[in-house]
Amino acid sequence: MKKKYLVAGGDLRFARLAEYLAEKGCFVYTLGFDSGIVPSGKIHTLKNLMSLNERVDHLILPLPVSNDGVNVNMPYSGSTLPVELLCAALKENGTAFGGRFTDNIKEMFAARNIETIDYSAREEFAVLNAEATAEGALQVAMEETASTISGQKILIIGMGRIAKMLVHILGGFNADVTVAARKCSDLAWAEVYGCKNIRICDLSQHLGEYSIIFNTAPAVILDGAKLRLLDKGCLVIDLASKPGGVDFDTAAELGIRAVWLLSLPGRVAPLTAGVNIGKTIFNILGERGEGDE
Amino acid sequence: MKKKYLVAGGDLRFARLAEYLAEKGCFVYTLGFDSGIVPSGKIHTLKNLMSLNERVDHLILPLPVSNDGVNVNMPYSGSTLPVELLCAALKENGTAFGGRFTDNIKEMFAARNIETIDYSAREEFAVLNAEATAEGALQVAMEETASTISGQKILIIGMGRIAKMLVHILGGFNADVTVAARKCSDLAWAEVYGCKNIRICDLSQHLGEYSIIFNTAPAVILDGAKLRLLDKGCLVIDLASKPGGVDFDTAAELGIRAVWLLSLPGRVAPLTAGVNIGKTIFNILGERGEGDE
Amino acid sequence: MKKKYLVAGGDLRFARLAEYLAEKGCFVYTLGFDSGIVPSGKIHTLKNLMSLNERVDHLILPLPVSNDGVNVNMPYSGSTLPVELLCAALKENGTAFGGRFTDNIKEMFAARNIETIDYSAREEFAVLNAEATAEGALQVAMEETASTISGQKILIIGMGRIAKMLVHILGGFNADVTVAARKCSDLAWAEVYGCKNIRICDLSQHLGEYSIIFNTAPAVILDGAKLRLLDKGCLVIDLASKPGGVDFDTAAELGIRAVWLLSLPGRVAPLTAGVNIGKTIFNILGERGEGDE
Amino acid sequence: MKKKYLVAGGDLRFARLAEYLAEKGCFVYTLGFDSGIVPSGKIHTLKNLMSLNERVDHLILPLPVSNDGVNVNMPYSGSTLPVELLCAALKENGTAFGGRFTDNIKEMFAARNIETIDYSAREEFAVLNAEATAEGALQVAMEETASTISGQKILIIGMGRIAKMLVHILGGFNADVTVAARKCSDLAWAEVYGCKNIRICDLSQHLGEYSIIFNTAPAVILDGAKLRLLDKGCLVIDLASKPGGVDFDTAAELGIRAVWLLSLPGRVAPLTAGVNIGKTIFNILGERGEGDE
C-alpha cells in the first residue's frame, strides 16, 4: 500500500517538495500553506490539523523545523502550530523528517518513540544544494558587476563542495580562476580542474589582482588586513555560514562591496531545493528498504 | 608621435572605452560626459568643444552615433552637440569612428573628406558582444526562474554567434540543451557541441517539453500557434533584434512570460562592451598599419 | 514504398554506412566487400553485380569514388568494377551519391541522365568529420608524448572547423591553449572560447613556448625559419590537406617530430565516419523531399 | 644552504623527477640510470655509490622502492644496489622518501634512525595521478575503438578520484556518460557534474546499452553474470588495482574486449608522473618547514 506523507510547514521549497512527492506517486497531505501556494491537483491540502482523518507514515518538517523551538516554521501561513501536536498525525513506527531539529524537539519526538531523521545532514543533500548555491552566487556576481564574468580574474577561497561547483560552472565562462586553500590535496584538485592555485598563507601577495572573490571557507580569511590589499573595485561574495568569512565592517569602511549570501538554494532556486529534499528523503527510505519505488 | 583620440558622447561603454584607450597608451580627450562619469587620471576631460586646443587623429562617436540624425547621442550630458561641429576637431586625414552612422551624417563627413568607419559592423565586434549577450540572457533566465539552470530542458532557436556562446556557457551547467535550426550545418554544429538538435520544421511536436527558450533567430518563429504549445511555466527570452522573434501579444494573452532583451552588452556589461569597442578599433587601425602598438 | 540503396565499394566507413541505412529502415544492397566485412543481418550482400535482380533508387559510391578514374575504389574486394557498369543498376531518375567525383565520371553519369551528388562537399559533413579529426589528432598527441595533455602549452594554428573542435575537446583537459589566426574575427572566437590568441604575424616571438602544435591552416605557416624557433621537444601535428602546412624536410633535419595526419576520420573512427556519410545523405534527401523518414 | 637530493633508481618518472628538482633550484645527484636516461646539464649523475663524496639531505627512492625487498628497483640500470647501502649516503636527520616501502626496508631505516616518508600515500599525489590515469584510459579507449568517443554511451563504475577526472575530461567530448555507484553522495556528484547516474544494484537492467565501460571500483562488479548482459561490441577498461574489477576469464570466453590498465601514469605519462612526485615531495617539505622555496 502506498505510503502517506504529511508535509507540514516550510517555504516554497516545501510546496514544491509536496508536488514532487505526488509526482513520484506518493499520497501527500500538506498543512501550513495559505491557499494558492501549493499546486492543486494531486496534493491533499489541509486547512488545519483537524481535517486530517488518518495517520500518516511520514511527517516532513521544514528546514529549519522551528524558529522558536516550539512551533513549526510556517512562513506561508498566518496561523501557528506547535510541533508537538503533529505527533498524533503519525502512525506508530512513523518517522519525522526535518531539517536541523533542535534538541528539545528531538527529545520530544524520542519520548513518543518517534524516530527523527535530519535530511539536511545528508551528504548528498549538501552536494545537490552546492550546485544551487554556486548558481546563486554567480547570479549575484553577474548582477553586481558591470562587466561580463568572462574575462575576470576570480578568486575562490576554499575547495569544498560549493567551491568545486563554482569551478565547474565557471568552466563554461572564459574566466581566470584561482583557488586558495590550505590543504595540499585541495590545491591538487584545483590544479586538475584547470584552475590556478595558491596556498592561503601566500594569498596576501596576490590579493590585489582579483576582481571577484568568492569565499567558501568557514573562517575569517578576509580580515581587515587582507581587505586592505584588495582592488577598490573588487566584489566580495561570502558564502560561508555564520560567522562568515569576511570582516564586513572593515569592508564597508574601505568602500569595498561585500555581500554575504546565506541559504541561497531556498532563495534563488526554491523549486530545485525542494526537489533536492525529496531526492534525499527517497534515498533515506531506499536505504532503509522502505522505498515505494 | 602618439595618436590623439576624442571620445565624444555615448553611455558608460564609452567612458570605459576612453579609459581603455588611455590604459593602452593613447592620448584621450572625452567630451559629453557629466563630471564623475569618466574615470579621472590619464584622460583629458573636456567641458565643451571650445576647450579643445588642437585637432585629433581619431574621433570616436557612440553607438548609435545619433538618435535624431543631427546631434551626438549623449545620454550622460545635459547639453546637446551637433555631430557636424565635431568635424573641426579632426585633423586632415583623420577618421571618424562610430556605430551605425545614419546616411546623412555619413554624407556630411564625406563632404568634408573625412572617412567614417563603423566599428559595429565588424565581425569580431559581433563575436565579442555575443559573449556579453549570452551572459546577460543567462542572468535574466536565472533571475526569472525559481529553479536552477542546471536540470532545465532548454531550447535555443538559431545557431549563430549568440546561440553558440549560449551553448558554450551552458556547458558549465548541467542543463539539457536542444538547438533548433533550419540549416543542416547548424544542426551539425549543435551535435558536435554536445546538444540535441531539431529542425525548425519539426519544432511543434516538442515545444511543450522546454522550461526555458532562448530565441536568437531574427524571424517570428514563436508565433501564436507555437506559443500555444508551450508549457505554461515556460520562460521565453527573445534575443532577436527588431522586429523580434516572438508574438508577445499572444504570449501575454496566454500568460506565458516572454521577455525581449535588446542591446544586452551595453545594459548588463557596459565595461566589457566598452573594451570590445576598443579592441575592434585597434584591430581596424592595425589592419590599416596605423596601430600605435 | 521503401527506397532501395546500393552501396558499392569503399572501406569500413561504407560497410558501417550500409548498416546505418539498414538500421534506419532502408533496403540496402552492398557490393564490393569481401565476406565478413559487412555485418550480416538486414543487409543484402551481393557477390557481384549480376546478382542484382532489380534497379535501385540510390547508388552510393565511396570517398573517393575512384582512384584511377575508371574503377570503383574497392579496397575490401579482390575484384575490380568499372563505375560505368553501375549505371545499369539505377532506376530512371535515380541518383548517384559519391565523394569527390572525377570530372570524367561525372560526365559519364550526366551523359546517362543520372544526377550525381557529392556528399563530401556538404558543410555538415565537414562539421561532423571535424570532430572525428580533432579526436584523432588528440589521440596521436597522447600517443606521441610522454606527458599528459593537461599541463601542456598547446598552439593551434587556424580557427576553422577542426580548430574549433580541438578547442572544444581540449576544454575538458587542463591545457593552456593559444590560437594563432590571421582574421580578427577568428581571434575573437578564440578569445570567447577561452583561449589565448595571437596574430599569425606575431607568432615567431612566442613559438619556443609550445610543447604541442596543431596546424589546421592550409598554408605553410611552419616553414624552416619558424621551425628553428621551436623547442626541440615540441610535437607538431599537421592536419592541413595537401600540400600541408609544415616544412617536413626541415623538421626532420632539426630533429623535430612532425606528423602529417590526413583523412583521420576514416582511419581512427571509420564507424563514426560512415554514420556521418549516412546522416549527410539523409539530409540531402530530406531537403529534396525524398526522405523516407 | 641548498638542500641536496639523491634520486636513486626508478624509471623515466624518476629521471624526470631529478630534472624537475634541478629546475626548481635543488642540488641533485642521480644513481642507477644508464647513461642517456637522465637529462644532462644541471644534474650530477653518479656512476656508482662510491662516486658520492658527501652526504645528502634527502634520499629519493622509486615507486615501488624495491621489487625483491632487498635491492633498489632500478629498471634503467644493469647493476644491482641493496637499499641498505644507501643509508650511508644520508646525513644525520636526513629523510628517505619512497613509494610503498616494504616493512623490512622501513624497519631497516628506522633501526638507523632515518625517517621514511611514503610520497605515494599522500592524497594530492593520488589526485594528480588520477588525471594521468584518466587521460591514459581515454587514450586506450580511443585506440581500441573504431568510433569517436563523442557519441558513445559510456559507463563509469565508481565515483572516486579517477572517475571524477574521467567525467571532467569527457566533458569536452560529446559523450553520454552514466556513473554507477553505491553511495548516494557519489550519485549526487555524478548528477551535479552533468552525468546520468544509477545505483550499482540497478546496473544489470541497463548494462546492454553501453559501448565503453570504465571500472574504477576496487571490487568485482563486472562478474560473469553481468558480463553476459553486455553488448558484444562493448569495450571494458578496468582501472581498479589488484585484484581488479572484472572477471577477465569470462570476458575472454564471451569474446568481450576487456583490458586491465595498471600503473597508467608511469606508462602513458612518465614525465608528468615524475613531476607529480616532485610536487608532492615539495609539499611534504613545505609542511615540515623544510622547503627551500
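We call the chains A, B, C and D, going by the order they appear; numbering starts again at 1 in every chain.
Criterion: contacts are C-beta pairs under 8 Å (C-beta built on N, C-alpha and C of every residue); 3 or more make two chains touch, one makes a residue touch a chain.
On a predicted model such as this, the values are computed, not experimentally measured, just so you know.
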Measuring between mean CA coordinates, which chain is farthest from chain A?
C
Note: of the two pairs B-C and A-B, more contacts are counted for A-B
Euclidean distance of C-alpha centroids - chain A vs chain B, Å
36
In whole angstrom, what separates the CA-based centres of chain B and chain D?
49
So which stretches of chain A touch two or more other chains?
131, 150, 168, 171, 173-174, 191-193
Inside the complex, what are the residues of chain D that reach chain C?
12, 131-132, 135, 138-139, 142-143, 145-151, 168-174, 268-272, 275
Taking the complex as given, what residues does chain D use to touch chain B?
150, 171, 173-174, 191-194
For a test of understanding, state which residues of chain A touch chain D in their complex under the given definition.
122-125, 127-128, 130-131, 165, 168, 171, 183-185, 187-189, 191-193, 279-280, 283, 287
